[in-house]
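Both complexes shown next keep subunit A, but they swap its partner, so subunit B is in the first and subunit C is in the second.
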Partner chain A sequence: MAVFMDLNISYTTNKKRLQSVIETAAQLGYSTVAINYVVDLQQKKQEIVKPKSVSELFKTFPIVQGKSRPIKVLNRLTVVASEPSHFRPTVDYKAYDLVAVFPQTEKLFHAACMTFDVDIICVAVTERLPFFFKRSPVNGAIERSVFFEISYTHAIRDHTMRRYTIANAINLMEICKGKNVIVSSGAEHPLEMRGPYDISNLGLLFGLSEEDGKAAVSTNCRAVCLHGETRKTALGIIHTIKKDPALTDRVEEDAPASKRAKIEMA
Partner chain B sequence: MDRGAKVFGALGQRLYSNRMRRAAKKEEPATYERLVYKNTSVYHYMSISLEFENEETLSPAQLKQFIVNGLKDIYGEVGGAFPFDLLKFDELKLTAILRVYNSGLVKLWSALTLLSSFDQERCAVRVNQERCAVRVNQVSPFLLALSGNSRELELH
Partner chain C sequence: MVRLKSRYLLCEVCVSDRSHLLLLDDGTVQNAAKHALIQAHGDYGFAHSIFGFSVKYLNAHTGIVLLRCRKSHYRLIWSALPFITGLKKRGQKVPCFFNCLHVGGTIRTCQKFLVRYNTQQLHRMLPLCHSEEERSAIRKSVLSCTVQKDADADSEEDIGEED
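After this line comes the complex of A and B, so read on.
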């Protein structure tokens, strides 16, 4: 049986709250969660920050209910893109385990589905859809195994948002037939989290079948994580890391001049 | 030929079961009884627990009203008007057992999922909205199944 995952927990600077959200997730039976850093390049002075190391968050990670294993925490970046220049896969992206894009225009949605090197495409849940989903880009995304994400926290919080969430989700399901969809929380508060079985039941309202609803919180999320890993590595086979220059410098300074390693560029 | 096969099949089965019975007599059968329900249950039972931001107390009637309001919010007057019962409510632990017809299960469950605020009239004027969550612990067509939760077992 596949384990449950929630790939969207909003990042807050309030460390205590973030901890309690993750603890709640573990209690509810989620084996993996992803902390979501949103960057909106439309607003000025926004830049992609390095994610905090997850080991800073907890000394010992909370145990997942019914699994007696600690919860796994990932970092995820969501780029809100309203212009094609906003999505530039740079080194900054590599620091994150998952990369998502939230396209604001139809053109960008098409590009996100067909060309962008991302794991997740977010679907608007707080407003009417700014464009119609078309069959060809959605099918392209399914073929490239990029997943569409619907987050449910807004539906819990507010009446109007609930209508938009359900309407947009049904719009999407009409086109993608329930394939390649994940449902995640986007929670900022522990009381906004819901259990995995609640969500697979909620999927029925979104137009998913019972089977797809369960896949949306389990197997599809696993596929997203694996896709994220292959993006980081060369097809999941070779993994390269950049040598940290700051670290080597410091080591050299500590050692006396005679003992410094001689590294010269030829 | 077809019929012959059937007879042979039935005979074979009887022989097989006789042999099984004899074998069972020899080596002390495990004591369990298998019951198969031909008709599916009419009801589903849910065990739920409530979580509030602050400490709250509420009576069974208030809880029922709370759920009914949630149903009405999402499904409206007609869609939300289906029968369900509050069988038991533990006011100290804030846990409850609900019974609902199978046809209403998805609606009730989704309404519980989407419940998020609890109106509490502290003063006469101000209506205080408080964040809350309904956790669905177990759902089963058999009431007996709610007596123990396999997910709360400690695994090693």
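After this line comes the complex of A and C, so read on.
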């Protein structure tokens, strides 16, 4: 059984609604969800806020349908970039598990694919594409294992948006051939969520094959999460955590013991 | 002779308020699905998939719906289902969404799946009971149904009611 993920749940200040959206996601069988904080630096007085700790949200996380584990909640930042100065990897970004960028111009799209240190590139779904996708940046993004995201909530809400969503998605699929695509919800209300199997089948409309459609909600999302982790750590190999002062003694005692064990084995 | 093959989509209707589920009937579900189908695939797609499309089973207590369609075009219908946002009944609209649980080749396999699924749901919900009395009451009601032979359908209904 694949593990399904939905990496885009819109953040609302309404805590109750956010809780009910996450509960619905668990009910539908999503094992991991990401709460999406959008920052549009074009508008004035927009700042990157610290994400709320996920443990504040629930006392006990709801159990995922068909599994016995509780749902995992991540934080994700989406930067809407219309000028190159908007995307600056600062300390603020480090507080988030995932970083996404929503490029508005062709130049920025190129930069996002080739150089920006991001996990996800969002594709416009509410308007006609402001630029054409070119093969070289898209291939570059695939090589760097950066993923393209299509969100489906707008398609469900309104039928002109649906046309744009499908048209833009098909446009992208022609270039990337169904690779490195994730489909996520972007839901604000619990009733805008859809089940993972429905979504993988909805990929049919977006020009994804059966296999790619399923990968778009499961394995590709997992790759995104791992990519996000590698940004936090040194290439995903070394992980630094703050040492708990109460535990220091015990940890130091343990360390030589494990070394000795290794030597004996060798 | 080769028989005409169909696919059965076992769906769950999810609503915010479970009491709205009792308003469900075959006609409203079928209309909503057809409407979504026209919106998603246009007249051509509608014409392709409408033959043999029907609502086979509907349980207003648990919100389970069984849709039947031709095997050749079941993916068209399935991909239209996410666009259903509400069911219209006598002027009032019930916001809801369809969650597809299982796709089967026969009604029998769908029924088998549904029994297994509902058992799972029961196990999920039992720890949420507030008191021991509630728990034993639910157990008793389930057991009393399964004593009879051919009582699968009844026991499913009970699980929904106790929820």
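FYI, the second predicted complex is superposed on the first by the 238 of 266 C-alpha atoms of A that agree within 3 Å, B and C clash if a C-alpha of one lies under 4 Å from a C-alpha of the other, contacts with A are read in each partner's own complex, and residues count from 1 in each chain.
The rule we apply is simple: a contact is a pair of C-beta atoms (placed from the backbone, for glycine too) under 8 Å apart; a residue touches a chain by one contact, two chains touch by 3 or more.
Keep in mind that this is a model prediction, so the values were computed, not measured.
A.B. asks: Is the arrangement of subunit B and subunit C around the shared subunit A a clash or a fit after superposition?
C.D. replies: Aligned through their shared chain, the two binders clash on subunit A.
A.B. asks: Does the superposition put A:Gly66 against subunit B (first), subunit C (second), both, or neither?
C.D. replies: Touch partners of A:Gly66: subunit B and subunit C.
A.B. asks: For A:Met193, select first, second, both or neither according to whether it touches subunit B, subunit C, the two together, or no partner.
C.D. replies: After superposing on A, A:Met193 lies in contact with both subunit B and subunit C.
A.B. asks: Under the stated touch criterion, which partner chain does A:Asn201 make contact with: subunit B (first), subunit C (second), both, or neither?
C.D. replies: Both partners.
A.B. asks: For A:Arg17, is the partner it touches subunit B (first), subunit C (second), both, or none of the two (neither)?
C.D. replies: Touch status of A:Arg17: no partner.
A.B. asks: Could you tell me which stretches of subunit A are touched by subunit B in one complex and by subunit C in the other?
C.D. replies: Looking at subunit A, the two contact sets intersect at 28, 65-66, 155-157, 159, 162, 191-195, 197-199, 201-202, 204-205.
A.B. asks: Give every residue of subunit A touching subunit C within the complex, in rising order.
C.D. replies: 24, 27-28, 63, 65-66, 152, 155-157, 159, 162, 190-195, 197-199, 201-202, 204-205
A.B. asks: Show me the residue ranges of subunit A that touch subunit B in the complex, using the header's touch definition.
C.D. replies: Listed in rising order, the residues are 28-29, 65-68, 155-157, 159, 162, 189, 191-195, 197-199, 201-202, 204-205.
A.B. asks: Would you pull the subunit B residues touching subunit A in the complex into a rising list?
C.D. replies: 51, 53, 73-74, 106, 109-110, 112-114, 116, 131-133, 135-136, 139, 150-156
A.B. asks: State the interface residues of subunit C toward subunit A in the complex, per the touch definition above.
C.D. replies: Interface residues on the subunit C side: 14-16, 39-40, 75, 78-79, 81-83, 85, 95-101, 120, 124.
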